[in-house]
Amino acid sequence: MEYTIAHQTTYYYADSVNESYTVLHLQPRSDPHQFCTKFAIDVTPHARINSYADRFGNDVQHFAILPPHDALSITTRSNVVTMLEHDPMPPFDATRAMLEADPKVERFYDFLHESSFVRFVDEGATFRAEFGDPGESLGVWCTNVMHHIHASFSYDTDATTVRTTVTEAIARRAGVCQDFAHIMISVLRAAGIPARYVSGYIFRGESRVLGAEASHAWCEAYLPPYGWVGFDPTNDRAINDHFVKVALGRDYRDVSPVRGVYRGGRQSEMSVNVAMDVLAGYQTPAPEARRQQQPQQQQ
Amino acid sequence: MLDLQPPYGVANHYDELYSADGTPRPHYEKLARTLGRLGRDEILARVADVDTALLQRGVTFTVYADAEGTERVFPFDIIPRILTAEEWARIERGIQQRVRAVNAFIYDVYHSERILREKRVPRELVYSSKNYNREMINVDVPHDVYIHVSGIDLIRDDKGTFMVLEDNCRTPSGISYVLENRDVLKRSFPDLFADYAVCPVDDYPGRLLDVLRYVAPRGSSQPNVVLLTPGIYNSAYFEHTLLARRMGIELVEGRDLIVVDNVVFLKTTRGLERVDVIYRRIDDDYLDPLYFKNDSTLGVTGLMNAYRSGNVTIANAIGTGVGDDKAVYRFVPDMIRFYLDEEPLLDNVPTFDCTDDVQRRHVIGNLDSLVVKNTNASGGYGMLMGPYAPAEERERFKDLIEANPRDFIAQPVIQLSSSPTLVEGGMEGRRVDLRPFALYGRGVDVPAAALTRVALREGSLVVNSSQGGGSKDTWVLQ
Amino acid sequence: MLSRVADSLFWLGRNVERAETIARILDVNYTRAMDLYSQRDGRSEKLWRSVMHCAGFVSDPQPPVTGKSANDVFGFCAFDAENSTSIVSAVRIARANALGVRAEITTEVWELINVLYLYVEEQKLRSVMREGPSKFLRRVRDRAQAFAGVSDATMTHGDGWNFIQVGRYLERAYMTARILDAIDVANEPWHESQRMLEMCCASAPFAHASHQAPDPRDATSFVVLAENFPRSLRFCTREIDEAMHRVSRSPRGTFAIEAERRVGRLRSQLDFGSIEEMLSEGVQTFARGLVREYELLTQDIETTYFPRLPVPA
């Protein structure tokens, strides 16, 4: 499939701000399963964009706007070709023994331990007990964890914010894709399975999927012999060519699409628009572009 | 007369002035004679003048007991601590070796991780260090130098052998006391210097500036070096002002700097002026709110990006704390063997690893004879002196260690050497340590400007200024 | 020079000058209150009210003076840390500014300020009043005046020193204008003129220049226009103008920034205007106009040299 994605984030400040510095994780990755053929950024007020590759291999852009301004708008346009035409087979052959024998695992310290949003709290332990012991068959167990999270949590955009911790989301049994990904990551890491956070987009197509209004998030588990395997607990499905991967990290904090620091007025409002259209490869009736707007909290 | 004979009691530890049989060591003889000649009253009168001079100069540090912090004069003991040229030469070589190895280790853990791959240092230990800074992974720094300035704390055991107690590779302070102590002592007790050839200390700022200019980003022929301070409420602010003045560089706060297109500038009355090297005296966490503590107002937004793109040098480099983590400390001798293929010239103090079950059990069972240190704290905070601590304090540490073994190490109590110190009623032995400073540019330079800290409380083994310590002028003989 | 440093040096200069002026005003009036103004006819209250006025309580609601003793006013002007223009506040602000630019000033300047600070912090109202405030005020004035000499003699006369100069003379002119505003000579022309001259440190210089008892108009004219008297408005304004031109390096008689334009206008008014014109609407109107001008000048200097917002290259 080939997509074109327009992602617009706008901040409105009640009082004008200045010296605002912004870091972006918005450029789709290129890897064996997808290829980013075009990426362009437009920032208003005008700013010069600089970039670097972070330690996860994400391409990071950043810019600064020094003079006073009362709004900031960032628009990215990307074209991405995804190549996983069929849903991958469930990773049912992955075993604990294979994981333990894998020499790469010792380098995944960060994906096996707590991070800013992923905490091994007591409430989490009670919750984790619901999944039972992973046993030998890690692939099956991970898939069950995904099913269970999907079944026992409700998708509710009002229940949580970008700062919600795993504990709070578990207590409410509700959240959005970011929370579900964090919860699944915490369950996997606590069970000794390397797990990382993925931010990206999901194509809505003709069916109802959750998280398609804005950036989406899911998680990946390291399951030899497959390597990194994606799970989308929000939609209870494997990762196929409807998913576009933007950035990888320990959790949301490493890959938040837009984060920044500025001087001046505290109050702000933010709006996000994501439009994801198919350019090629989609056979069913032509999809309409989805444009929705929802207010979100400033990160 | 100052009470010089008979000598103050020398117990089962090394004394700097008296040898075990109670006779003064040769290099202290003349000093002892001069002090005796001056007499108690004269000395006390001059000491009073010294204290007034230090207060008026503002040679103070800040104690964070109340909200604003109180300025105190760092107590200065006028009896110098003397090191012979031979002693110093050994220290100098040992420190050069150690600093080179730790620097190589820091480079390695942020690049190819050779020492981890070869399992000489456990990965877990490095990755779990609170000061292992992940933003530094694969970031290159000029000449691969990370620890431009370090302070290595040395103590003498009961045989008089120097050992390394801890490494300070982040923003070690104390050099201002070295400079001021010498200045004040020369003015108030010129007589003491008469019989000695002492190495000067006042070339330190110039040597530091040399290092800072050397590590400037490529292409800056006249590098603009600044000293970044957290501001007037910082405990070491006096030192920052002194160094900036002596080096003739700007003393700046975070709000004086701005990053434009990955380049750091000073905000001046004539507009923006480019900065090439920042000698920072602010901790990593506060350097850039965009990447580290995001509520910090001390740092410079965007600095990490300017640094990453090689447009500015930060000294010390970001992330050096992984090298002076107290749990990493016990691997430094291995680093020396691994990176330099040499045997360590300075020994470590034996250290127990609390993450190891057997060692932890030993530590918990012997808290009354051990010193326990928090691996991330400094300045004598978060520490248990087992033999002297009340039982409930030991219990508290037991729980702390069980809960977070990675955060603690334990060491046997080392009887620091004592040095003659002016106290009420005369002269007595008080325990001292030694902090030489190492400057790393073209090579490792160890100026003969070391800080001697002294535990002014009788019998105390803790020399930190926050814990009732003072300082002495330290003489390295030519 | 760093904007922050320039800012601090400017306020260092101002606050040392302020401590000196407040000390002088208190000294003059405390002495006066002992004889002439001690009678119970409201003159004492008038005297202390004018002191409060000079010390900066124009816009704030006037703190009641009636029923308060000289001690209260004295305590308020000298030792009240809540009062930002008290001696203790001015010295603290000066010292905090000096500390922030410790690397830019010489050891001599720093020690002078630090010793002044340590001395003032040590003093208590009660003991100062017990032994008579003159000694305390004298010490403060000595140290503050020594600051001018020591900074001139030890600092490089570059931008930093010039910002101290601008601060010092701006504060001096500002306080002279306030003293003019505070004193109403209508009822007792001779005594009040004499008091005004003493508060401006101008009693002997005026006598020397005019060979006469103070006539109100002549006294005012002296404090405003005396060419070589270092506290006259004309002298101070000229010094501000010169120091600002040394910083901006723009030729004399021209302006590069708004602040230079304002001070230049003021300077030519004082250089070429007549006292009759100036006082045509009364001394108070004239003095208040000047107070306002000096306030605006401060704002202009801040906008240009210590901007709150960055000015990207």
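A, B and C label the chains in the order they appear, each numbered from 1.
Everything below uses one rule, namely that a contact is a pair of C-beta atoms (placed from the backbone, for glycine too) under 8 Å apart; a residue touches a chain by one contact, two chains touch by 3 or more.
For clarity, every value in this text was computed on a predicted model and none was experimentally measured.
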| item | value |
| --- | --- |
| Centre-most chain, if every chain is reduced to its averaged C-alpha atoms | B |
| Pair sharing more residue contacts (C-beta pairs) when A-B is set against B-C | B-C |
| Inter-chain centre distance, subunit A versus subunit C - centres from mean C-alpha coordinates, in Å | 63 |
| Whole-Å gap separating subunit A and subunit B, where each centre is the average of the chain's CA atoms | 44 |
| Centre-to-centre distance between subunit C and subunit B (centres being mean Cα positions), rounded to whole Å | 46 |
| Contacts with 2+ other chains: residues of subunit A | 19, 66 |
| Set of subunit B residues in contact with two or more other chains | 258, 260 |
| Two or more partner chains touched - positions in subunit C | 310, 312 |
| Residues of subunit C that touch subunit B when the two form their complex | 1-6, 96, 99-104, 107, 110-111, 114-115, 118, 159, 247, 305-306, 310-313 |
| Contacting residues of subunit B [partner subunit C, same complex] | 55-58, 227, 231-232, 237-238, 240-241, 244-245, 250-253, 255-256, 258, 260, 265-272 |
| Contact footprint of subunit A on subunit B as seen in their complex | 123-124, 127-128, 134, 137-138, 258-262, 289-290, 294, 301-302, 305, 308-309 |
| Subunit B partner contacts - residues on subunit A that touch it in the complex | 19, 21, 23, 48, 50, 52, 55, 62, 64, 66, 106-107, 109-110, 113, 259-261 |
